[in-house]
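Below is one structure, written out as structure tokens, with a few remarks after it.
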Amino acid sequence: MGEHSNDRKQPSRDGSLDSRRVVLDVQDLRVHYATPRGDVIAVNGINFQVYEGETVGLVGESGCGKTTTAMAILRLVQPPGRIIGGRVMVEDTDLVSLSEKQLRQLRWVKLALIPQGAMNSLNPVMRIKDQIGDAITTHEGRLPADALKQRILDLLNQVGLPARVYGMYPHELSGGMKQRVCVAMAIALNPPLIIADEPTSALDVVVQRVVAQTLLDVKQRLGVSMILIGHDMGLQAQLVDRIIVMYAGNIVEIAPVREAFKNPLHPYTQLLIASIPSIKERKPLKVTEGLTHDLRNPPPGCVFQFRCPHAREICRALKPQLREYGSGHLTACHIYENAGEYERSAPIVTTATPSAALYAADLFKEVDPHGRAAS
Amino acid sequence: MATLTAEPVAARPAPQVRVNRWDSPWLNAKLIIGLIMVLSVALSGVVGGMFWDLRLARVGTSPQDLPPAFVPGGTWAHPLGTENSGRDMLAVLLTGAPRSFRIGLIAATIGLLIGVVLGCLAGFLGGWVDRLILIASDAWITIPSLVVLIVISAFVRQISAETMAVLIAMFAWPGPTRLIRAQVLTLRERGYIRMARLSGANTFDVIFREMMPNMLPYIAASFTGNVSGAILASAGLEALGLGPTRIPTLGMTIFYANQASAVIRGMWWWWGFPFLVLAIIFSGLFLIAIGLDEVANPRLRGLQVKQ
Amino acid sequence: MSGMTRGYVVRRFLMWVLTVWLGATLIFAIPRLAPGDPIAAMVLRMSAQGQIIENSAELIQAWRERFGLDGPWYVQYVNWLRNCMTLDFGYSLTQFPARVWEMIWRALPWTIALLTFAVIITFILGNLIGALLGWRKTPPLLRSLLPLTLTFSSIPPFIFGLLLLFIFAYTLDLFPNQGAYDSRNLQPGLTVEFLASALHHAILPAMAIVLTSMGGWALGMRGMMITTDGEDYMILAQAKGLRTPRLFLRYAVRNALLPQLTALALSLGLIVGGSVLIETYFVYPGVGYLLYYSITNGDYTLMQGIVFILILTTATAVLIIDLLYPLIDPRITFQKR
């Protein structure tokens, strides 16, 4: 694992190799949550980069560690969670090992957050202007009152909010408006990178569109890099340049967005794509229900072995590594990594209820346009 | 999806739901220490009667004004000394402490029962019933209960411990009512209660089967608080000379001590020992309440930061 | 003021009326529901407590006439409510020419001053301790020392008062053991000496209240801080890189304090009740002590008046807190407190 962490040359959306600046380099990041029955390994040594101006999608079903990854990058993992190891490089500084004071000064200036659940992300007893204002004044010092006001009004305008929001309290705003306030707050200091954690998931469909449009506008206008977490594949297809697929705390595939949709390599990604009825219809990712192993007790071998329709003996014994197959397209699966041995390996029944596996396999066969990994 | 149990997979032991049976949130240090403190006082009357002659708590059964045995002038015949009307302090404590608990338990139980009924009514029925119950409990809780109890005791001659408990209970219901109403509302929002309702289970069943286990620690904490409040109220009334007068109580002993200027006369054992027993009772109940709070709300438990 | 807030104010005010009416009705009902003859019971209790009462039969009859206890009950009730509204409780039984209202009026400032002083200190200290206990960034040394301040929590204040009297008044002779000011040498007034003396006399009773009730507030606040700390807005605030003092005060404490204020309103009744004991044990000339006096001396009118005034004052204090509440919680809606 990790052979590719130093490979900073990866293709952009159109597949061309580029040597743009890396704004974020996550190296072998590990996060555990302590529980009375042992540590939950929520993020298990992941590696990826984000380039200047690029939007990276982070997808995977609920509980696979997306939020934890985002929080770890910001070094905001909440107890009982803690960062066990790895580095989060932002412009040659490692956030993980930074002092509290230095970290505080870098926050929001280098790295802003649009949190999951924007409904409750605003302080209920502070006016919007004060909540946007304190982010600015903390990092830039006191500004003349009218300059600050003008700036906040500008930000609100940029995300399409009326000026009256300036003096309002969060409870006076609708969900979509609160989410856009969070967007305005995130761009207040013009950070090189914004992490948006499921920015539309709690909103109804119409409002989702509005917020998505706002994000698209902001992204195009400011050229900011973004990590867009979500299980809304439709939104991902619209907004991101590259997609990172997580499963049970591990990255199983990284691909330019078109590649990911047209030619998914990892069986899990294939199931994900297959389960989208149509790109317009947005549904949470739900291939089959739930995780199949306890995150406290990961099996040796591939993390996806219990649910993989193509699992073979080798998948139980050996953990596949994330490797590049085609430009900028990485995956961790023995079908590609150890093709020969995989072929020789005996298939295994992976579920207690064979019908479930059959169902998954059937689904896959029916919908998958490429039949890539059909065994 | 069910767990996947292809044979070799099962070879990997599935994590236990519980590491061992000592891994229960109810085994909370504060809760246990509190329980020990409270039980030791509560049982002292039962056990104490076997070792000590409780009749010595009556007036004139002992010499007057003796200091405790471990102080010069004291005697082991009266290990904790005697007061000015010839009661043996040890006997007084052994009689008084369990009585305080009795009053506390009776009052808190009645208060809790009223609270459960009203709280469930308010939470489940909602609408004007809810509003009425809330308004009543808000108004009632604002009235200084001890003041009203003082007045009542002034009019009721020779109040018995049970009457006093009932009177105190009249003021012990708004707390549990609010708490249980709030809990019912929260739990009602959770899916499984709604599911149980949709599936046609009757409401009563829903309350007791599904909700009680969740509400138990909250109810226990509130009950403990009420026991403490009731003992405080009864001790307060006694300490004003308004409690039962036939049998010695802790509060009344303090009342007599204060009337006889025991503090100035240096007879510290007279008020000091009842003080100590009451302090143990209240601190014990306080610890139990904190412990139960932590049982109910796991986030209160581990505040250690491991970063 | 928006319409919603006006509705809230009206509701709170009605609540106040309801509470006061309920209190007045209780005071009216208690003697009439008590077993036997209330006046006789009162006189008997006085004799039971050792006061010698001569010609008790005459006394009982005289009282009954004077307090209108012989008309039909509804006439008595209306009269009583009218008296309550005009704060006219007639004459004191035991200090005859003195009117009940005058006696209460003399004692009330002491009680209000002592309780306000003690409650505000308790509330501030308790919540500060709780806030620090529930705050992740509190230095570990401080965090391990803070629980020491909770040692006396939950011990009844008046009993703790005895201990304080024993230590600080009798043994160390640092504080007076009774009274509200040095009444031998000083006249009440806005002089430095008088205020200093009043403060000196108030410290022990206030300490008895503060040290015993701080812990409850601290625990409540600790719980609220921990709850608040898990809120999404705390995480976003940290992500913004705000300085710790701002995070602590404007985000965490500011939000955690709101339920505490509601709890304060709900617990005022208990606090006022407890002050009767404190004042009695510290011989502090407030309304609580006056109530004790009225009961031990069988001053029925005085007792009625005091109880009504205590209920009225408590309800008013709750009303004030409720009316201030929307100022600090912009979300206020009327069904929630």
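A, B and C label the chains in the order they appear, each numbered from 1.
FYI, a residue touches a chain if its C-beta (ideal position, glycine included) is under 8 Å from a C-beta of that chain, and two chains touch if they have at least 3 such contacts.
Source: prediction; values computed, not measured.
Of all chains, A has its CA centroid at the greatest distance from the CA centroid of chain C. Taking the mean of each chain's C-alpha atoms as its centre, the chain lying closest to the overall protein C-alpha centroid is B.
Chain pair with the highest count of contacting C-beta pairs: B-C. For the pair chain A and chain C, the distance between C-alpha centroids works out to 55 Å. One finds 51 Å separating the Cα centroids of chain A and chain B.
Averaged C-alpha coordinates give centres for chain B and chain C that are 23 Å from one another. Looking at chain B, residues 305 sit in touch with two or more other chains. The set of chain A residues touching two or more other chains comprises 79.
Those residues of chain C in touch with two or more other chains are numbered 136, 230. Across the complex, chain C is touched by residues 131, 135, 138-152, 154-157, 228-229, 232-233, 235-236, 239-242, 245, 254, 258, 263-264, 268, 271, 274-275, 278-279, 282-283, 285-286, 290, 293, 297, 299-300, 303, 305 of chain B. Interface residues of chain A, counted against chain C in their complex, comprise 71, 74, 76, 78-79, 103-109, 111-113, 115-126, 134-135, 138-139, 169, 171, 182, 185.
Listing the residues of chain C that touch chain B in their complex gives 15, 18-19, 22-23, 26-27, 30-31, 34-36, 38, 41-42, 44-45, 48-49, 134, 136, 153-156, 158-159, 162-163, 165-166, 170, 215, 219, 222-223, 226-227, 230, 265-266, 268-270, 272-274, 276-277, 280-281, 291-292, 295-296, 303, 307, 310-311, 314-315, 318, 335, 337.
For chain C in complex with chain A, the residues that touch the partner chain are 136, 230-233, 235-243, 246, 250-251, 254-255, 258, 328-331.
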